[in-house]
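Shared between the two complexes below is subunit A, which has subunit B as its partner in the first and subunit C in the second.
Right, the complex of A and B next:
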C-alpha cells in the first residue's frame, strides 16, 4: 500500500484493488461487526468500555501490555543497532550470509521457536544446566513464566524487524562523514551521539515503532513464556472470546488495542514520510 | 479478530464441501484423545452408516457461537466441556438431543441432559514426579498446597473450569458434601498461599512436559495424561484421594444440516462398545454403564470409575449457572 501510494496515486490504485477488496471483505467488515458487538452485547451501551477502562485488573493488563512492549523495543534497539552497523560496514559477502541467517529465523514457525525457548530456558533446561555445571549458580534461575522469559522470546522474534529498517538507513550514511567528525576532533562517543544516531534516527524511529506496535498485540510468546502476572491484552481478548464467549468485552478490548495501534502507526507513517523527503 | 475471520472463511468453504459429500464433521480437542475418538467412534460409525466423518478442531466456544449466529454451522458434533454445554443449551446454541436415537437408559445419569450427553469422564488427580521427592511422597490435596513439606513449583489447569477451585477448598478442609455453593473467597485465599509457586498448564501435552522435566514436580492433572506417561515407562506418582470428576460432553450446534447423522454418531459414540474401546485407549472413564463388562479388568482398575469411593463430583449444573461469574473472577485473580 505504501509503495502504491508513493509511486503515483492514481495509477497504483488499480493494481492495489484486489488487496483492498480482500482487506475490506475479510478485515474491515468483520472488525466493524466486532466493534458493533462491543457496544451491543450483552446490552446496548458503553458498559464494556466502562468496565474495561474502570477496573484495576484491566488497568494492570494495559500497563503490562505497554510495559512489555516498551522493554522489548528498548532491548531490541540496543541489540539491533550494533548488528545493523556491523552488517553495513563488513564485506558484502559476509553481510549477505549473516543477512540470510537473520531472514531464515523469521521464516521458521513462531510456535516452534517459542517452544524451543521454553525447553532452553526452563529450570531443568539447557541454559540452567550449563550455568550450574560451570559453577556460576547453585539454584536454577527462574527464566520462564515471568517477564524475563517474555522479553527474551519476544526480542528474539522482533530483532529482524528492527535490523532491516536500521540497515537501510545506516547503509546510506557516507562513511566519510564519520571520518570528517574524527578529523574535527570528535571522540568516538561524540561521533556516535552527534553524527551517527541523528542520521540513523528515521530508521530507529520506524523500526522501533514497528516493533512496539507488533509487541502490543502479541499472543503466543507471552502466553507460553510469561506467567499470568504479566498477562497482556491479546491474552485477555482470547480469554473473553474463547473461554467466556463474551464477544462484547473481547470486542471492546480488541477495539482499544486497534485504536492504540492505529495511532502509533500514524506516528510511524509521519516518520517514514519525513525520512523519504530527505 | 483475524482468527474469527479465517474461521468464517473456512466455515463457508467447509459447508460447501460437506454438503456435496454428505460427510459430517466432528470437532474435538486434537491430540491422542481425538485420535482415539476417530478410531473408536468415527470409523465404526462410517462402516455402519456409510456417512464419512471429517475431523476438525480444536473446540472453540467463540467459533461455535459465531457459527450458530451466522447460520453457517459446519461442526455437526462437538466435544465440549460439560459445564459449558449445559450453559450453551440454555442459551439456545445447541440442538436438543434425540433420545429415540440415543439410548440414554444405559448412560451414567450424572452425564445426561437435554442438550448434552457425556463424551467421557475424567478425574483431576494429584500427580508428582517421584524423582523430586526423596523421603515422604505426597498423598493428599493438602500436600499439593503445602510448599514446606513438598517444595517446588506446582502446576494447575490455566483455564477457568471445574477442578482447581474445588481442590483448593478440599485442601483447606471443606467437606466434600459442603463444597457447593463454592466459597470463592476462601478458595482464592487458599490459592493465594501458593500463587508465586504456580505454573499454569494450558493443554495436556504441556502438563506432561512440566511434570516429566521436573519443572513442576507436583501438580493437578487430567488422569489420562498421567496414565499416558506411565504407559511410556515414566515413574509417576498418582493419588486418587479426593479425585475430582469432570466430564466432556457431546453436543450438536443449533442449525446443523446433518442433524440425523449427528444423533446417530452420538448414539454410536456413547454405545457400550464405543465407550469401552475409547476408555481402553485413553485412560478416561466410559459414560455407558454397560462398558465395564466389556473391558479387561486390569485396564478397568486404572480408570476413574474404579475410584468412586474416594471421588468428589464437580457440580456441573452449579458451574453452568455461575460459569461467567467464576471465570471473570478467576482471570482477574490470575492477572493480579
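Right, the complex of A and C next:
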C-alpha cells in the first residue's frame, strides 16, 4: 500500500491532472471569487463575518444547522448500525434484496422523496392519522414546517450513506471473533462495546463524518420540511444570494461552512492515520 | 457409578431433515485429553459447538460435574476455546487480548497483569504483551489464543482444529507444546481434528465420529489393535481391505472365502453376519510379510507385484490379489527381498494371526 503510493507518485500526478484542472476551474477558482466577494461587498473589510458570527439571528441559524446535523448523524448511526449488522450476517440472498432496496431509495429523485415525506408527515397525513387511530394522540402532531420534519426527512435520506461504509467494515469482521468474545465471558453489551464498535470504528467515523458534513450543507429537505422560522445555513446562503442578491453575506456564510467542513475532515484524517499506524 | 466430570448425554442435533449428530454419548474424566476424530461433516464440530453454547441440541444433555450446562449462555459457561480460524481481537495488543476475559470479569489491574504474564509464559511468549496480532505468525497467534483461553482457568478447554491452517512442521511443534501445556495445567481438553496422526500424538482417548455418531472410543493402541468397525479400521492406520464372503462362523471367529475359492480361516469377526454375507478382511501393513515361498494354508495369499516405491527407511510394494483387490506391504530397509522384487513377480503374503480382522459389510 505504502510502496504503491510512494512509488507511483511521479507518474500518478499526470493521470490526476484532468481531475486537478477540473477542480481548479470549477471549484477552487469560484470559491476564491466567493471568498473575495465576502470581504469586498458591500465594502472592503470583515464586516460580513462580524455580522454573521456576532448577531443572535445568525447564531440561531448556526445552532439550528449544527444541532440538526448532529441529531441526524446520531439517529442515523443508531439505525444504520443494526441494519448493517443484520445485512452482514443474514443469508446472502436476503441481504442482496434489502441492499437493492436501500440503493433504489438512494437513486430515487430527492425531491420526490422529500415530497413523499411531506405527504406522510402533514397534519392530515398517514402518520398522524395512524397515531390517532391507535389512540396515542388526540390532536395531530406538528411534524412539518419545523426541525422535527427536517430531522426525519434527512435521517431517511442520509441512511444509505451511513449503512454503506458500515457494511464495508462489518463484513470484514469474522463472526468467530464474536463467538470467541462470548466464550471469553463477554456479555452481548461487552462484546459490542469492547470488540464490535472498535472494529467498526473506521466505518462509523467515515460514515458519520459524511452524514454530518452533508447535513450541514443540505438545502432541499430543510427548505421543504422546515419552516421559515427554523432556517439552516444552506437556506441562509440561498436567501442571501438569490432573494437579496447579497453576495458578500452569502459568500461569507458559504466560506464559514467550507472551513468547518474542511476542519472536520482534517480531524478525521488524523484520527484515521493514528488508527492505521497502530 | 460415580458422576463423570463431563457427560455428553445422548446429544442429537438436526437441521431440518439433516441429522448432524445422533445419540452422541461420552463421559470424560477430569484432566483427560479427549479427541474427536472423524472426516468433515461427521458431527465432531457440531458436538463441540453445542458444548460451547453456539448451538442448542435437538435432544440430549451436557453435564459438567453433574450439572446441566445447556441453559447457561456461552459467556457464563466459563469454558475456554481455541478456534480453527485466527480469532484474536485485531484492535487489541497481545497483552490486552489475553487480558480480555479477565477485564470482562472486572478483575483488578494487578491481578490481571500477573495472570496475563503467567499465561503468556505458559505458551512461551514472554514479553510479547505489546505486540499487535497482525504482526505475528499464525503459530504465534494460535499460542496467544491458547493463552487467552486458559488465562481464566476454565475447567474445560475446547480446541476446534486449531492447527489446520499451519504447515506441517509448525503443526508438530505446536502439538508438542499443547501436550506440555496439558500436562502442566491438567486442564480437561476436548480436541477436534480430522488428522489421525495428530489425534494419536495428543490424546489420552479418541472418539471416532462417523455420520453423526461415535463409532468407537478408546486409546490409540486400543483402536488400532481392536477396531470395532470397518470405518474405524479404515480411519486409523493404512490398512488393506480384501473383499470376500463369510464361509463359516464359530464363536466370533470366521472363515472368509474369496472369489476363485481361496479361503482364509480363523479371523476375529466384527459385526453380526451369517454365512454367505459379504465381508472384508483387514490386514495391517506392518504385520504383513512378503515371501517367495507359499505360506501356511488359510493364513496367506498369493499376489502379483504391481509397483515398487523406495521410501528411505522402507520399500513399499503395491500388489494385487488374484481377484483384483489392492494391498500394500512394506519391506524394511535391508530386507532380503527389497532389492530383488520386480513388477509382475508372483509372491505370497502372510501375516501374524492378530493382524487380521474380518468386518461384515453393512
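FYI, the second predicted complex is superposed on the first by the 258 of 278 C-alpha atoms of A that agree within 3 Å, B and C clash if a C-alpha of one lies under 4 Å from a C-alpha of the other, contacts with A are read in each partner's own complex, and residues count from 1 in each chain.
We adopt the following convention: a residue touches a chain if its C-beta (ideal position, glycine included) is under 8 Å from a C-beta of that chain, and two chains touch if they have at least 3 such contacts.
The model shown is predicted, which means the values in this text are computed figures rather than measured ones.
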Subunit A as common anchor, with subunit B and subunit C clashing or fitting: fit
Vertex subunit A, arms to subunit B and subunit C (CA centres, degrees, nearest 10): 150
First (subunit B), second (subunit C), both or neither touched by A:186: second
Which of subunit B and subunit C A:245 touches, first, second, both or neither: first
Touching partner for A:57 - first (subunit B), second (subunit C), both, neither: first
Winner by number of subunit A residues touched, once subunit B and subunit C are compared: B
Which superposed partner A:105 touches (first subunit B, second subunit C, both, neither): neither
Least C-alpha distance (whole Å) that remains between subunit C and subunit B when both complexes are overlaid: 41
Residues of subunit A at both interfaces, subunit B in one complex, subunit C in the other: none
Complex contact set, residues of subunit A against subunit B: 26-27, 30-31, 34, 55, 57, 60-61, 64, 122-125, 145, 223-224, 227-229, 231, 236, 239, 241-247, 250, 254
Residues on subunit B engaged by subunit A in the complex (per definition of touch): 1-2, 4-5, 8-9, 60-62, 65, 153, 158-160, 199-200, 202, 213-215, 323-324, 327-328, 331-332, 334-336
Subunit A-facing residues of subunit C, complex: 52-54, 73-81, 83, 85, 87, 89-91, 100-101, 103-105, 132, 145, 148-149, 152
In the complex with subunit C, residue positions of subunit A that touch it: 174, 176-177, 179-187, 190, 194-195, 198-199, 201, 278
